[in-house]
Amino acid sequence: MEASTLQTFFQQLINGLSLGSIYALLALGYTMVYGIIKLINFAHGDIYMLGAFWGYYVINFWHFNFLFALLSAMLVGAVAGVIIEYFAYRPLRHAPRITALITAIGVSFLLENGMSYLYGSTPRDFPQIIEPVNYHVFGVLISNIQILILVTACLLMVILQVIIKKTKMGKAMRAVSVDPDAAELVGINLNRTISFTFALGSSMAGAAGVLIGLYYNSIDPLMGMTPGIKAFVAAVVGGIGSVPGASIGGFLIGLLETLVQSVGLSAYKDAAVYFVLIVILLVLPAGIFGKNIKEKV
Amino acid sequence: MSTILKVDDLVKNFGGLTAVSDVSMTLNDDELVALIGPNGAGKTTLFNLLTGVITPSSGAISFRGPKGTVTLNGKKAYQIANLGLARTFQNIRLFKDLTVLDNVLVAMTSQYKEGLLSTLFRLPSYYKKEAKIAKEATELLAIFDLQESVDVLAKNLPYGIQRRLEIVRALAMKPQILFLDEPAAGMNPEETADLTRLIKKVQREFHITVVLIEHDMSLVMNLAERIYVLDHGAMLAQGTPTEIKQNPAVIKAYLGEEVS
Amino acid sequence: MTILKANFKYNVSWLIIMVAGFYLMNTLMLMGIIDSFIENMLVVIGINIILATGLNLVIGFAGQFSLGHAGFMAIGAYATAIITTNSATAGGFYTSIVVGVIIAIIAAIIVGVPTLRLRGDYLAIATMGAAEIIRIIINNLQITNGPSGMFNIPQFATWPVVYIMVCVTTILIANFVRSRAGRAIKSVREDEIAAESAGINTTNWKLAAFVFGAATAAIAGSLDASYLQTIAPTNFGIMESISILIIVVLGGVGSLTGSVVAAVVLGILDTALQNFGTLRMVIYAAALILIMIFKPTGLLGSHELSFKHLFSGTKRKGRVRS
């Protein structure tokens, strides 16, 4: 009895962490973009969709292996992110923030419906490039794909953290997120830094797209909508603007979802996520790792 | 002269930093008091504590209002404002996208009621109330030569006029104490002279207590009946302008800063 | 008395326009120029006007970024669906509107009291979450028939009913905005700290605007359910809240006239693009992006159509006396 409860717990933990790592990868893009230009990039979930579709095509038609599919999807995500920023967001950098938000929603609609128009809206089977193998560890079922997702996601997050903390560009990103005007005064190229941020965040989304394709086997043009919103919630829970916060928030939301599902309340799993979001914001108005900046009087 | 506001051992800590420590002061009816001190001495923090923008860590503030003496600790900013403590801000905080008239009318919100039905269905009583209150506000604006600008958006006013409007907005609350936070900041000598006349006029016509934070010593010495000096969050000295000028502790605190 | 007379003139002007608009539409319908297809478009535009002006009250005037409007709309829609299914009378329909409004007000208070202390995007995401919780609850209840929604709802919300409701809610919101209450909520939008120091109970006024907006959303929901006769929880998701937000921003945040204009423009655009199939949404999205880039403050900015200004020769606000 005791052992089986423990098994169930670990099983859910593994499932939750796998899902959570996808949310975390997506949340990183939201948090970085929000941190630097204070924009909820609604189109971010759709870059993840683009990454999944890219993976689908290169694996099916160019017979890429997993690693090349992943890396090329990251590249495609990065390019898409930079193009979107250049054409849709850059002209609005000094416009009211709500205008930029609506533009982001417009870009999201454009990508979703453009892909539906070009490739149809029926779900496609993602090619199983990696033969699924299930391992039984102390009665807990773990698939090699889950391990792959977790390891890849964690590796990417570590790389990202290193880029932000150790490189010159990372320093510039942090400077711009604190004060863009001051950053520009000390010689930081604002446009290049913002482009770089979009590239970095969007490449994570591209990677997440390929990983989720492998995990769920199914992709469609609207696949980015719900995970996109969940990942944004994760970023807010973790403290928007904070990179570790986004990772923690992602895992937290993933675990919470699987937990609610495992106790037989799957119909309420989204409600639980939003409820926790509201509670966390009421206790910590800037999220777990966010800094609550009080207005100076 | 009787006490209108009494502050006892007021303390405010921000984390490990003590911004205001053990400050005690009293304000009397109908007097003009200046609060001076070097930058970062805690003057604005003290104003924020007295007007409820931030809550004190400890200490007591009691105010003799129209309905007897009340303690202001734990009261919200709007409650304190409605009791009769109005203020202006160091960095002008007007309602920028509202007209001059609306800026004043907002401050009069608690002085009249329009009624939900009367508002939503535009009953005659609504128009009468609107006309009456607008007339009152315009008359007040006229005292300060702003009657021509009633329909101008506050953000379109010149800087000096914005400061003046902020004072009018505070007066529209019919306060018993008016707190002015650096009213002459950013003003040229001509505007400062105008302001000095204005503050004198306010005192003379409205019979209220005025407390002002100011760095312009000529203005302070010219206007204030009493002066409180704050340094490093603590009350360093108090007295008449002449006494303060000769106080060695004050001179020391100001040395290398602004010698008057 | 002269004040009353002057205002009487403006109010009568508005009344004439509204009555004339109604008769124009009615005549065109009788003549067959407006067919049922266009009538459907007009009703959808009308419902969107109610939703957008209500949300503009919250976002544009009180400055509170709410993304949960569809949740309150759902409450109205389900109140009407449930009540009129059980009592298919005009009385039942109007009772259902009142019930929907009351429940929406209660829900808005429950949601608003804790969340309205959040700011900006945090408030947006919290209200979005709250609206989703409302939707998920409806999705799982017996009385609402769960995810499959409700069908064969009796139709009481005919075109004239919707037209009158649009006029009534717009007048109420416009009157609210231009009053003591309106000035108070606008002061909250402009500067919360200054408003508090001017004696404004910002918490209560924010809640007042939020609750008022929610009540009008419930009315729109009631009309929507009764006109379309079919509703499902998926109709009231995040995308619905976003499409209302789009109308508000496109028209101009803080301009009720703008909300009306944007609802009409988008309604016509939507109908005109009916024949384009999937391409419709692509064109719509591209149009949205382009309008935002070239007209960042929306079609009307914060300008309003006002007879007062028309009659007095459009007095420009800009004269400065120093």
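Residue numbering begins at 1 within each chain, and the chains themselves are lettered A, B and C in the order written.
The definition used in the following text is that contacts are C-beta pairs under 8 Å (C-beta built on N, C-alpha and C of every residue); 3 or more make two chains touch, one makes a residue touch a chain.
Computed from a prediction, not measured in an experiment: that's the story for all the values here.
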Chain nearest the overall Cα centroid: C
Most widely separated chain from chain B, with each centre as the mean of CA atoms: A
Centre-to-centre distance between chain B and chain A (centres being mean Cα positions), rounded to whole Å: 49
Cα-centroid distance, chain B relative to chain C, in whole angstrom: 40
Computed distance of Cα centres, chain C from chain A, in Å: 33
Chain A: positions in contact with at least two other chains: 297
Residue list for chain C, restricted to those that touch at least two other chains: 193
Touching two or more other chains - residue numbers and ranges from chain B: 53, 89
Contacting residues of chain A [partner chain B, same complex]: 297
Residue ranges of chain C in contact with chain A within the complex: 59, 65, 114-115, 117-119, 121-122, 124-126, 128-130, 132-133, 136-137, 139-140, 193, 238, 242, 245-246, 249-250, 253, 278-279, 281-282, 284-286, 288-289, 292-293, 296-298
Complex contact set, residues of chain A against chain C: 34, 38, 40, 88, 91-92, 95-96, 98-103, 105-110, 112-114, 116-117, 121, 229, 232-233, 236, 240, 267-268, 270-271, 273-275, 277-278, 281-282, 285-286, 295, 297
Of all residues in chain B, those that touch chain A in their complex: 44, 48, 53-54, 89-90
Contact footprint of chain C on chain B as seen in their complex: 51-53, 76-78, 81-82, 86-87, 89, 93-99, 102, 105-107, 109-110, 112-114, 116, 119-122, 124, 126-131, 133, 146, 148-149, 151-153, 156-158, 160-161, 169-170, 173
